[in-house]
Each structure stands twice: as structure tokens, then as C-alpha cells.
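I have placed the structure first, in the form of C-alpha cells, so that the comments after it can refer back to it.
Every chain is named by a letter (A, B, C, D and E) in the order it is written, and numbering of its residues begins at 1.
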Amino acid sequence: MGLVSWLFILPFVTALAVIMTPAGRSDLVRKIALAGTSLHLLLTGYIVYKFIQVATFSGEGVKEALITQLYLVEKITWFESLGIQYFVGLDGISLFMVVLTSIVIFTGILASWSVVERSKEFFALLLILVSGVFGVFVSFDLFMFFMFYEVAVLPMYLLIGIWGTGPKEYSAMKLTMMLMASSALILVGFLALYHGSGLETFDLIEISKVHFPIAFQNWVFPTIFIGFGVIGALYPFHTWSPDGHSSAPTAVSMLHAGVLMKLGGYGALRIGLYLLPEGAQNWALFFMGLTTINIIYGAFAAIKQKDLKFFTAYSSVSHCGFVLFGIVTLNMIGVKGAVIQMFSHGIMTALFFGLIGMVYGRTKTRIVTEMGGLAKVMPWLAVCFYVAGLASLGLPGLAGFIAESHVFLGGFIGNPWTDATTMRVLTVIATMSIVVTAVYVLRGLGQVFQGPLKEQFKTITDATLTEKISTGVLVATLAIVGLAPWFFIDLIEGAIYPLINRLSLNANTWMTF
Amino acid sequence: MNPAELTHTIVFYGLALVSIVAALLVVTVKRIFRAAVALATVLVCGAGFYILLDYDFIAGIQLLVYVGGIVILIVFAVMLTSSLEDTEIRPSKSRKALGIISSLGFLATALIAFQSTSFPLSAPTPEQPSDVALEIGRKLLGYGSDGYVLPFEIISLLLLSAVIGAIVVARNPLKKSSDLSGQSEQSDGSAT
Amino acid sequence: MNILNMIIAPELIVALTGFVVLITDLFIEDKKRHILGPIALIGILLASVSVCNLLPETSSMFGGRFVFDPVAGWFKLFFLLGAAFTVIFCWQSKAREKLPSTGEFYSVLMFTVVGMMFIISARDLITLYISLELATIPLFALAAWRKGDKLSGEAGLKYVIFGALASGLLLYGLGLLYGLSGSADLLVISQTITDSPALWLAGALILAGIGFKITMFPFHIWAADVYQGAPTVVTAYLSVASKSAGMAFMFQILFGIFGNALSEYGWLIAALATATMTLGNLVAIVQNNIKRFMAFSAISQAGYIILGFLGPFSESVPSMLFYLFIYVFTNMAVFGVIIYYSDTTGKEEIDDYKGLSRTNPAIAFVMMIGLFSLAGIPPLSGFVGKFFLFSIAAKAGYHWLVAVAAINSTVSLYYYLRIIRQMYMEPPAENAKKLPISKTLALTFLLTTLAVILLGVIPHVYETIQTQTTNWLPTLNQLP
Amino acid sequence: MNELANNALANSFAFNNAWLIPALPFFSFLLVGLFIRPYSEKLAGIVATLSVSTSAALSLWLAFDYFSAFPAGAEHPALVSWSFQWLRYNEYLVVNVGTLIDSLSILLMVVVTFVSSLVHLYSIGYMKGEDGYGRYFTYLNLFTFSMLGLVVAPNILQTYIFWELVGVSSFLLIGFYYTKPSAVAASKKAFIVTRFADLFFLVGILLIAVVGYNLMSLFGVPNGLPENVSAFDFAFITNSGVSTMMNNFGILTPALILIFIGAAGKSALFPLHIWLPDAMEGPTPVSALIHAATMVVAGVYLVARLFVTFAASESALLVAAYLGAFTCIFAAIIACTQNDIKRVLAYSTLSQIGYMMFALGVASATETLGYTASLFHLFTHAFFKALLFLGAGAVIHSVHTNNIWNMGGLAKKMPITNITFLIATLAISGVWPFAGFFSKDEIIAAAFGNHHYVIFAIGLLVAGITAFYMFRIYIVTFLGKARSEAVDHAHEAPMTMTIPLMILAALTAVVGFIHFGDYVSVASIITGDATGHAEGGFPIWIPALLSGLTGIGIAWFMYGGEKDRATAVTEKLGVIYRVICAKFYIDEIYQFITHKIIIRFISTPIAWFDKRIVDGGVDLTGWLTRRSGATLSHLQTGQTQTYAAWLINGVIAVVVIIWLYAS
Amino acid sequence: MSFVPGLFHWLCLSTILFSIGLYGVMTRRNAVGVLMSVELLLNSAAMNFLIFNHFAAKPFIDGAVMALFIIAVAAAEAVVAMALFVAIFRSRKTVDVTQIDTLKG
């Protein structure tokens, strides 16, 4: 098996190892899971190193490319009568997402150090979920993509249902049903692509060589965009996220909000925009309106929330709105912003949910008004919480600003197919979210960490070592991405050129970058 | 209309009338035993029809097997499951209505369908093959492309398994255990 | 002529096993009755071996009346597989699920398998009808096998009446076909019939016969009551083997007779498929009895399989066969657990599965894998099978139908998850304890779970079916 | 730009690594914050102060080098000494983080580093014994770093980045005493109000950048600019060709107004001023540093940096002028009625910034005197306002109360603070030898010079009012008899606190005499030369000095004597007094808007809508499927005969459907 | 239309018998009655085959063979059905189809 396949086989193998451990030794289970994920971190690092060596992402061949250039490719025929292959590879975007997932699962395992009840199944399911997510990010065959997508979605049900809190069955069932219904839409889209392309293959690269008729694109693009939008918390379909996250255990909501919601953005980009450019052009304005509501709606709803997890869930609804907003701006800067926002929001929400889990572990309550003045007793967590909060409101020097500035700039520059003034008006409305985000972040964190310390919280301890490492790693990533964006930006840019070139391939005006 | 055709038509309509009345009796008469008798008359008229269609061998089989065997079997069943006199209570009004509507509906659709399709009639060759029975016998055991030895074998298996099944289901258990539920049945294994 | 390579060998072997079991049953005492199961199994094994080495070629006997081609071969394997599982479950069930007079049970079972094998190989109306009746009438008796039990009796009664009515209608339809074409040979019929109202009536009547057999929408009403009433071993057999026989019969009719007209009536099949799927899924949500629940799940699965008749036949025949193959394994895995659980604890309600994962995790895992495969969750084979079927419907242009089918499989996931919720999320009842399991049953569960997981991932299974059966339809029409 | 000057500067150490000036506080922020703070608090204070003072020395050295290379009166070029490509959106939108050195940035650098090091020194004494001592110095260093980063930014996006960082560090510092709910609320209010203004600033930047980008992609890089210039760079924005083109596109004025709103938010001009008085919750040295000398002048700096573009668009400067003037008079009036010493100083800062802003506003492309006057006032104001705050800090430190009415008679107890406070009060009132006189006089002259007679009148009036309220608090706190027993055991502040006071006092005395015009000025488009000084004509300083002295007189009259005539006057004013005292109820209006309207009428309905309608929709579909499942299951009646009916009618239905379809 | 019984007349006869059989299945309350109606159905189907054989496939006699087999199948069905009715009668004391409906929902 080549290097890239190990990305999703390693978590699976760790899961098996976790299941195989003898029943008595529950602490051994956590250690194996940690070993597996740290090994995975090394693997990702090595792959990034190999990728940078072999990939060219700024030469002039790249600017005019029309087909995504993949690296470290492995291709084995699977069902060759139907044209299904085991087709795995990496390009700028998926590498970026792989790094994100690897970091989030590593910190996720650390953050769930205290899960004791049936920990074997918990860690096994978590790792299977992650191997599904890795599978999605590296597979370039529609059938495999869909298969891993559903593998990623299903363990959520058991994870929330068994280890969750509050109305766990209801929210687990609602979450699974909405995500599976969305995968139904995606399935229709994929099969339409498979048969619409005329050539007998599920290979993404081959299908991208076909120019689909406009009418065909006009109905397939919204199906796929909405299908992926549901998991990317697109406006009317986001209701599963607050319930799902608030009753999910810490590591699960870290993983889910951090990584699974990015599948939506990634899928819309990789399948929707890449294969159906004209469809994207016709629908861009509609979805831009929807995502702007998404951003503002999520932010305003977050102000009112009393429960910390609901508060973060609505904030991630608003931030995921940025991702989809960036995609429908249809220009290089906007789409690049969308990808960076996927990464930065992934890290941010993982940090948020991790910290909430740790605070909940100590104060046994998530209601904001019941807590107060915790900064005195747990300074480390308070600092990390504030870093996450400031990153989410887009403070320069942290990852949030880089992504948001790209998205706003992309929105302002516009594209030749949508009318510029409406696009700019929508972008201004979206920019207003930085104020609303500031309001709810500071309101929430102020109520929890500042103000006089309540009696019963006097004896709380600060972060333990594992918690320090996990939050430390996430904060460091936010800072690195925020302070030194230049080294990975052109890595993404190289991967986005084909998408943008295809947009103007058949349109009359040639898209200036 | 030469005399042969005339008798043919008269007999046809006579038999048709009798069999339809008898069929109506089968489905409507209150006492089940009378229904069995009506069924017998329908089958006999059926045999008559077969003779009209020049298939006297089949008519013979019909009389022998159908009327002789199956009707007698039904009579046994009637006696075993209820006393001769007890009458069957009338079906509810709505059930009767539903029955009439569906059956008439079916009749209407079928007749309209037959009305409007022209069936490919085979050329009216005057002479019938010398002996239908011989022909049938040759067909039944024929191995060739037009023989039906395979269904002949299969029907034998069918009859065998039907009989076995019937015996297992209808055998009355030796012990008169009050609790008839399956639970107790297990204790003594299958009664040979 | 060596008996094993005669193309009628499989049928003969199975019939022979039937007789052997019947006769040995006469001569052994009560205590040794449990050896009958293995004898039946050996017979089935022999038959499948002979089917396998006959598989790739196509040849005919009795002057074209009896044909053995790859599709028939695969169908025979499905019947044998279904029968094998039924025999194992009947043989292994000790307490509540133990059937009276097992000797007769096995022989009648064998005879029905022979009937099913003849359906797919028949090439004329009479053989087709008689083998269908052989495959159906003994089932009436099987359904009522546990004569003491009221429910089993009622199930048998309903099955007899409904079955007799359906076969009456089917017969009337076949009569019309015979009338319209003047001959009893399927090939001749398919070449002579032209579109006429009488043909539509004949088609509808035959559809009734088919619908009864594979529990399609307007004709599925009997399924729930019979599945619930009949002994669980028979229900398993009904849901797998009888449904495959129905599919075999549908192949013969739709491909054999209406082959060329099929594409025009695609909309009818699409409508029936939608109705069957949706009804099966919706009603399954509110079921509490596990057997009745499996009945509606089987009805919805029938809805998915019919999708295959819409698409181009070179691709749809292999996909349908592949889906059936997976369906046999998955359904038998789930029914195995149901039979085992009701055998050891005597409970049939969904809520009785509370906390199964705590008391015996292995059984719960087998059940979960089976249910997830039925729901079509990757990477299990159920998903792969469904994906290929939906892709056929998409190729035929019925995108709306693919959407409906996908939404239906999501709804189906809802009620499969209801059981998994009981097993994994609810705390076990107090007196729940680890249930004893025999080695053979454990082996069967292992086999089914492995098959369910590996069939989807390993491509060779689908590839072999595909290569052997793509050009089946044309060969169907030029045999003498 | 002659060669000699260029190479003289080329090899000067200070110029080449000017980036050290902002970098030093950053490194010390990391060092102190992460490592030193947990171990020893004292060391943290010392290291922090040392780093800021070294960067102060460096900036002085840089100033010396720069002005020796470009002597006074000559033209002062803007040179980018060091920069690297931080973020590349596309080839015309590139953010090169670096250091831009010109007279304006040097002025600000000197002021910021100097005042910051004094405040650091002062805080060592002031904050002794407080818990979170190390944390305080880390925040202070972070603030100094971000302020310096803002000042040296060569492009507008880097300004925005450090603008935000300044906002965050002020949030942290205001909320230093986070156990006090009022401090938490104040810090939150400050951050949100500035963040609201930054929204407009960001939109302004986006507008200019995108239009610039379109221009460059259509017409290429304007001549006279380096090849790799980006649409964000100040060089590009202030380029006259570019601004004229943008003007006739009609987007220059709206963009500049947006940017001005951003500046107004940070410099707390009228509508967005509410956060500054509350910011007094933070420790006093913080108020001294942030709310006197540095952060609040960032807005003025920004307008000064873009002065050429502002001048190119007609109405942008007018808006600045009138808003500045109004804030000036508005804040001055309120200052007269406040009882908390720090609130008074806060409002006085508001009014002085109003001065600076309207000084810039009255300047124009041709008459650039206002530009120099405003920056001169910024320079002098930094010193005497910092002195006032530190003095007030010393007083509060010893008397432990902010309310001036329970102070009084402190002159004897705290002689040094008294004298230094007096010098600063004289300076701000515009009395001759001290700095305030020169800079304020120049502003009024500029207003008069550019024929803005209304603003000129306001300037004069406010000069008087300033003198009045400053002397009011001086007299009440230092002279007269002690009004509470706390005053008895008041004692002089320790050495570390009095030394900065004395240095600042000396500076306020001396700095007025610098010929500011030669150093900091912008060439007027027409005459080409910088008009540093108001030449000849009517000596404006006379009326200015007179109004100052009258203000002092009135204050002496009302508060000097034993009879407190002040209460008499306030009764007569009655309701007017109460309105002013309540700061024109602006805070309540904001409170109403934010809490009542936003929380009640927008976010609650959205949260409710989300729960009921959108969520309800999903649950409805779930309920619907279950309901239809139940109804369909009733079709299974159990009656065999109905099943038979189903079968037969099924057949009939199929035939009929085929028939309908076929026909 | 002429009185001589052509194909259509015969078909009318067999369809009428068939529909009466259908009516019987739907309304007869006694299980044995239902069985009798089923016999009617099968008998009319057999007649149908013979009619078509006589009119549409004269020289061949496939129809007749089919009729024979139908009689055999009818017999088998009757056997199983009767056994079932007897078993049910023994356990429930009634063969009234409308009362045997415990399995529903």
C-alpha cells in the first residue's frame, strides 16, 4: 500500500488494535489510541515533506492548468466493468485538509482522556470515523468518495447516542437522518455525473474532461451543493448542528465540528465547482445570499445562547457560512479564503469544544450564567479560550483573520458572471459579522471567565498535562497559520488554479485573477 | 345452420345456463353441503363443455378426478370441520358490495379486452387428430422438443410433497394436552 | 454418462436428498433424529458443487425444454444457499424454535428447492407453471408446520387462500398468453405477441402472480401476517428463497416474454418499485414485532431489486444477481440472530433486544453488521449492491427514482437504527445473561458476517457474475 | 533627494534595522509573558521597562540620523527601510510587512516609546503589591509593540492589522482588574465600539484596495512607483494620479469617510466616544499611556498619513473638521461637571483630540499649516496629558479615592506632584512658557488662516473652558482645606513615580520652543514649500492667551475662596447642569440600542425562529413519516377476504393504468 | 351476432365462471366455501386453456396437456388446503375466515 493509503488505513488499524486489547486494561486503550494518532501525525508530516518536494505549485505550467494535478497517486482497478477504481492522491487542498484532520484527531484523543465508560468502543468508533474522513480527503474516485463520506457520517450516531448528554438519542437520530438524507442528494448528483459524462468511469479526473450541457449542470449543481451544504451547515439545513454538538461528547463534537463539517465545503468545492462550472455561475448569487444569511443568522443566534456548546455550535454555523460564501464568490481569492477558513475554523472549533469539554469536566455545568471568574482558578484554559475566541472574531495575527480577509476581498472583487454591486452589498453584510462575533464571543467568555469567582468553583484545578498539550498544539497551529501564512498559501493557490480556469473556460470574459 | 351446428349451439347454451346457475349457488347458498353438490354439478357441466370441444379424454379425466376425487375430498372436509346442518351466517353488507363490484369490474375489463383484441385463430382444419388421448399420452412422456416429461415428473414431486405436508399438518397429536400452544409440542419430539 | 456433469444433475441430487432424508427418518429412532440435518446439508453441498462446475457454459436438454445457463446457475446457487441456511437454523434450534417432524420438514424443503430450480430452467409455460406451484404449495404446509400454534395455523390459512387465488389469476393470465400466441413455448410466445388490450390484461394477471411471490406493492398484503405467524425458520426461508424464486419467475416472464416491450413499460415498473419501497419502509417504522418488521423490510428490499428491470439489460442482470446474492447472505445473517435469540429467550419484540450488546457483544455485532448492510451503509456489501442498482436506474434516466430510492434507504436506516439503539444504547434487562451458542451456529454467523463485509470490498465476485451474465438476454432468444 | 543624504542614512545603524524598535517590545512580551512572569514578578517589570527604554533610545537615535540626513526645512522623503512579503492575495494585492520611515512616523515613534518607557517606570512603583503584576507588564509590552507596528506600517492593511492588535491590548489592559464587573463591562464596551468602527475601516480598505487593483490591472502600475507596488501601499494610495482617478470614479470620498469613521472610533470622536470615559476602569498608568498619549491619537495619525488623499477629496476633510470641533466643545462642557478626577482628564483628552482633528480638517491641499499644528499639538499633548494622568495616579495612589471632593489641601502633603501637576495644568490651559500655548495657538491660527471662522471661534472658547475645568480640579484637589481624613495620612509618591513626573514636567516646559514646522510638514501642492509657521498678520496668540487667563480667573473665583460659590451657580443652571452632568444621556441611549433593540428584537427572535420554525420543520418531517407509517399499517386489517379484494382490485388497477397510459 | 358459439362466447362463459369464483373467494365466510370458489377459478382457467387450444392452436394439444396438469395442481392444492382447515378447526373450533384475524397491524 502506498504512502497516501496509509493515511486512512492507520486509524483503522489503530481502531482494530484498540478493539483487540483485553477487556481489563482500559487505560491501555487510551495509550494505544494516542500512539496511533501521534504516529499518524508523523506520517502526515512526512507526506507534507514528500509533497513539497515533488509538487510544483507556482511554476507557469500551473497558472493555465485546466485539470487538477495530483501527486503521490495510487490507482488500482476495483470494479473495472463499472469503471470504479481505488484512486487515491493528493493536491494542495486535500493535503491541507489532511493536516487539519490529523491535528484535530490527535488533540481529540488527548481531550477525551477522561472517557472511562466503555472506552474501547468509544476510541474504536472515533478512529473509524476519522479514517472515513481521511478517505474522503484523499480519494478521487466518486464511488470511493461517497463510500468514505458515509463511513465518516455513521459512527456519529453511536458516539452521540451512547456517550452523549442531554437529549442524546433525539439529537443523534436527527443528526444521522439529516446527514444521510443529504448523502441521498449527493448520490443522485454523483450518479447523474457518472451517466451524464458518457464515459464509463467514476474517475474524477476523467469526468472533469467532459463539458456537461448547461441545462444538465443547472440541476446537478444545486443538488450537489445543497447535498454537501447540509453537512456544511448551509442556512436552512443547519438545525442538526446545535443539537448534535450540544449532546455529543467532547472529542466527538471536536472532530465533528472541526473536521466533518469541512467535508461539506470540500465536497462542494471538489465536485460542485470543479465539474460543473456553468452551474456554479448560474447559482452563485442565490447561494451567496443564503450563505450571507448563514453568517449573520448564526452570529445573532449565538448571542442569545446560554449553553456554551450551543454558543459554539451557532458560531461554527456562522463560520461555516464563510466557507460556503468563499466558494460561491467564484474567484481565486474567495475560493482560497474558503479553503483557509476550512482549516482555521477546523482548528478553532476543535480548540473551543476541547476547552468546553475540559471546563464542563470541572464545573459540571455548561450554562454560562452559572459560571464566573474562572480565569483566577484555571489561567491556562482561560488564555486558550480567549485565543480561540479572538481567532474566531478574526483578530489579525491568528488564523481567522487570514481566512476572513481573503473571503471579504474575494467578495469585493467579484466575478464576471454575477452583478458586482449586489455581491459587494452581500459582502458588506457578511463583514458586519465581525462585530456581532466580537459581541457574542466577549459576552460569552466574559460571563464565564471574568467577574467575581463563585464559591463552589474555588477548588477547581487548572489543565492537566494531556489537556495542556492538546490545547497547546491547537493554539500553536492557530498562531503559526496566523503569523506566517506565506509558506502554505501558494500551496493552496496551485491547487485552485484549475478550478478557476475552468470557470472562465467557456464564458466569454477571461477571468483576471 | 345445419342440424349438427344447431344441436351444438343448443347444448352449449343449455350447459352454460346450468353451470352458471350452479356456480352462483356454490358461492351464495347458506348450507355448505349444498354448495358442495352445486360445485359437483358445475364440474360435470365443465366435462360436458370439454366434450363439445372434442376433448372427450380430458372430459373423462375431469369427471374421474375432479368430480370423483376433489369434490369427495371437499365433502370430507365439510363433515370434518362442521356439522351438516349449521348454516353459514351471511357476509356483511359492505363485504358483499365490495365482492360484487370487484368481480363485476374484473368481468367488464376482461370482456372489453377480449372484445377489442383479435385472437389469432388457427386455420379451421376440419379433421381432429385421430385420437386425442393417444396424442396426449405421447406428449406427456415424450422426451423430444415438444414432450412434457419434465412437468410430468415435477407434478409427481408436487403431489408427494403436498400429501406429506397435509399429513404433518392435519395429524392429530396423540396426547390430548390441553395447552395446544407449540411449547408443549416439543417435549415428545415428532410423533412418528 | 457421469451423473455430475449432466445439466439436470443438481435437481436430481436435491430430489434424491429429499427422498433419502424421508426414508432415513423412517428407520432411525427418536434420539438420533438430529443426523437428518447434516444429511440434508451434504445433499445441498453436492448439488452446489455440481452447479458450480456446470456454471460457465450454456446447454439444454429435453429438446430445449430445460436449459442451464449462467443466470440459471447463479439462481440455483441462491436457492441452495437459502435452503442450506434454513436447514442449519432448523437443525440448531433446540427450544422454542424446534420444529415438529423435522424429517418431513427437510424433505418438503428439498422438494420446494427442486421446484425453484426448475422455474429458472423452464422454457415453456407448462413446466414454468408447474415448477412455480411446486415452489409454492408445499410452503403453505411449511407455514402451518407447527400445527398446535394458533398463529402458525392462521398464517397457513391466509397463505393458502391468497396463494391459491394468486395462482388462479396467474393461470388465467397464462391462458390468455397461450391464446394470443397459440403455443406454449416461451420463445414462440415472445416472438408472436403484439400489443393488445388482452395482452395488457394477461400482463396484469401475471404481474399479480409475480407480485404475490416477491411481495410487490399491490400484492404484498399477505406477507406481514404470514411472516409473523409462520415459524421463524420458515419465515427466513420465505423471505430469501421464495423471494429469489419470485425473481427467477419474474426474469423468465419479463425477460423471456416481454423482453422487447419492457423499455416502453419502464414507467410502470418504476411506479410499482416506488410504491413498494415507500410502503415497505414507512410501515416498518411503526412495527414492534421483529418478524413483522423483517416482513416489511423484505417488502422494501423487493422494491429496490425491481429497479434493475429499468436499465439496459447487459448491466442490470449482473447487478440484480449481485444484489440478490448479497441479500441472501445479509437477510440470513439477521434472521439467524432472530431465530437464535427467540430460540434461547423466546422473545420476538424489538424492545426485547435491550442491551444485547452488553450481555453478548458478538451476537449484537453480527446483527448490527447485517442491519447496516440491509440499510446500505458502506463499506458493507449492501451499500455496494444498492449503489449498482441505483446507478442502473440513473443510467435509464430515472433520476427522480434514484432520489426516491436514496431517501427511502435513509428512512430504512432510521428503523434499522431503532434496533441498534435497543441493542447498544439501552441498558440490559436485569436478568439478562450470556446466551449459550453452539459451534455450528457460531460458524454460520461468522461466515455470514464475513460474506457481508467482504462481498462488497472484493471485486472478483461481482466481476465473475458480470462476465458470465452480461450477454444472457440475446442467448435467451436464439436457443432452438 | 540628494545622494549625500541618502548614503548618510544608508549606513546608519538605526535606519537599517529600524524594525528593532517594534520588535524589541514583542520579544520582551513573549519572554516576559511565557517565561519570566510565572517565576519572578519583579524581574518581569524590569525586563519590560528595559526593552521599551532601549527601543526609545533607538528611536531617538533614528530621529537624530534622519533629521541630520534631511535637515530641518528640507523635504522629508518616506523611505521603507526593511520589508518582506507577508501575504500575497494576487499579484497586485500584496501585503509587504515592513517599516516606513518619514518625519510623521519618527514623531509618533519617539512619542510612543518615550511616554511608554516613562509609564513602565511609573508602573513599577504604582502596581507594586497588585496580583497579576507580571501579567500587567506583558499586556503593556504587547500594547507598545502593536502601537509601534501601527506607526511604522508602510501599507494600509498592516495598519489595520496592528490597529486591531492595539484594540485587543487596550481591551486586556482596561479589563485588567477582571474581578470587578464594571471593569469587565468597560473593556467589553471599549473593544466592541472600536470593533464597530474597525468594520467601517475594513470596508474602506477593501473598497480602496479593490478599486486600486482594478485600476492597476487595467492601466498598469502608475508611473513613478516601483514595479512591485501593491494596491495596499500608502505610496500607491497617496499617489496624486491614483487619487484623482478614484475621485472621478466617485468612490474616493465615500472610502475616505469610511476610513475616517474607523479613525474616529479609535480616537473616540463624538458618536463613538462613549468607551473612553469608561476606560478609566483600568489602572491609571494604562490610562496615561493609552488614553492620553498613544492609542487615541492613532486616528489622528491615520488621517495625517493619508492627508494628501484626504486633501484630494473635497468633503472628507470638512467632515473631519466639523466632527472634531463639535467633539472639542462637547467634551469640554461635560468635563466641567465631572467629579471623578480621571473622568475629567478623559473628557479633556476627548476635547484635545477634537482640537487635533479639526486642525487637520481645516488644513487643505494649499494651506498645510493645520497639518503641522495638529501634529505639534499631538506631540505636546502627549507629554502634559501623560503628566496629568500620572499626577492624578499619584494622588489616587495615596488617597485611594478618585472623587475630587474628598481630596483638597494636598499641595503640602505631596509637593512634587503638586508642582508637576500645576505645570501640566498651565500647559494645557495654554499659558505662555509651556508647550500647550504654542501648539494650541498654532491650531487656532491655522483655523483663522483658512477662513474657518466658526471653528476659530469654537477653538478660542474651548481654550477658555479648558483652562476653567483644569484649574477647577487643580484648586479643589491641591489647594484649600482637606475635605476627608484620608488626606491626613497622604504621603508623597515613591521615587519611581516622581521621577517620570519630573521628567515630563521638564519636557512640557521645554518642548514648546521647537520650530516644529521645519521638521514635520507636508508640501503644499501649489507653493511646494512647507509652511511651518503662521507668518505675520494678526498675532493670534494674544486672544488665545487672554481666553485662557479668563478661564483661570473664573475657576479661581468660583472655587478659590471659602464660600463655595460653585453650588450656587449649579442651582441657577438647574436642569442644564443635570443634563451635562449625566453626559447628555448618551450612554443610556447606547445601552438602549444595544440591549433592548439588538438583544430583544433581533437575536432572541432569531434564536426562537431557529428553535421553532427551522427545527420544527425537521421534526415535522420526522413526525409526518411516523404518522403515515402508522396509517398505512392499518391497511393490514388481518381479514383474508380484504386481502383477496386487494389482490383482485390490484389487477384491475394495473390493467386500467396500462390502458390509460396506452391511449 | 350469430348464435353459433364462437371463441368470444366461450371466453365469455369462462370469464363469467371466473368472476363468480372471485366473488366467492371474497364473500364466502366458511374456509371450505372459499376453497370451493378457488376450485371454480381453476376449473374455468383449465376450460380457458382448452378453449384457446380448440380455437387458436388446433393441430397441437398443448392446451389439453396443460388442462390435465391444472387438474392435478388443483388436487394438490385441495389436499393441502383441507389439511390446514382441519388443523385450524381443531385448534380454533371455527373455520370462519372473518374471525381468524389475530395477525394484523
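Just so it is clear, a residue touches a chain if its C-beta (ideal position, glycine included) is under 8 Å from a C-beta of that chain, and two chains touch if they have at least 3 such contacts.
The structure presented is a predicted model; accordingly, all values stated were derived computationally and were not measured.
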Labels of chains that are neighbours to subunit A and to subunit C: D
Of all other chains, the one whose Cα centre sits farthest from subunit B: D
By mean Cα position, the chain sitting nearest the middle: A
Chain at maximum distance from subunit C, centres defined as averaged CA atoms: D
Higher-contact pair (C-beta pairs counted), C-D versus B-C: B-C
Between subunit E and subunit A, distance of the C-alpha-averaged centres to the nearest whole Å: 66
Whole-Å separation of chain centres (CA-atom averages), subunit B against subunit E: 5
Intercentroid distance (Cα basis), subunit E paired with subunit D, Å: 98
Centroid distance [mean C-alpha coordinates] between subunit E and subunit C, Å: 27
Touching two or more other chains - residues of subunit B: 95, 98-99, 102-103, 106, 109-110, 113-114, 119-120, 122, 146, 148, 151, 155, 158, 162, 165-167, 169-170, 180
Of all residues in subunit E, the ones touching two or more other chains: 18, 21-22, 25-27, 31, 34-35, 51-53, 55-57, 60, 62, 65, 69, 73, 76-77, 80-81, 83-85, 87, 90-91, 97-98, 100-105
Interface hub residues of subunit C, defined as touching at least two other chains: 124, 126, 130, 133, 137-138, 140-141, 144, 147-150, 156-158, 161, 165, 169, 179-180, 182, 197, 200-201, 224-225, 414
Every chain pair in contact, whichever chains are involved: A-C, A-D, B-C, B-D, B-E, C-D, C-E, D-E
Subunit B-facing residues of subunit C, complex: 15, 22, 30, 33, 62-66, 95-96, 98, 100-105, 107-108, 111-112, 114-115, 118, 122, 124, 126-127, 130-131, 133-134, 137-138, 140-142, 144-150, 152, 156, 179-182, 192, 196-201, 480
Touching residues (chain side subunit B, partner subunit D) in the complex: 95, 98-99, 102-103, 105-106, 109, 113
Complex contact set, residues of subunit B against subunit E: 1, 5, 8-9, 12-13, 16, 19-20, 23-24, 26-27, 32, 35-36, 39, 42-43, 46, 49-50, 53-55, 57-58, 61-62, 65-66, 69-70, 73-74, 76-78, 80-82, 88-89, 91, 95-96, 98-100, 102-104, 106-107, 110-111, 114-115, 119-125, 129, 132, 135-136, 139-140, 146, 148, 151, 155, 158-159, 162-163, 165-167, 169-170, 172, 180
Of all residues in subunit E, those that touch subunit C in their complex: 18, 21-22, 25, 31, 34-35, 38, 41-42, 44-45, 48-49, 51-53, 55-57, 60, 62-63, 65-66, 69-70, 73, 76-77, 80-81, 83-85, 87-88, 90-92, 97, 100-105
Residue numbers on subunit C that touch subunit E, as the complex places them: 124-126, 129-130, 133, 137-138, 140-141, 144, 147-151, 153-158, 160-161, 164-165, 167-169, 171-172, 175-176, 178-180, 182-184, 224-225, 228-229, 292
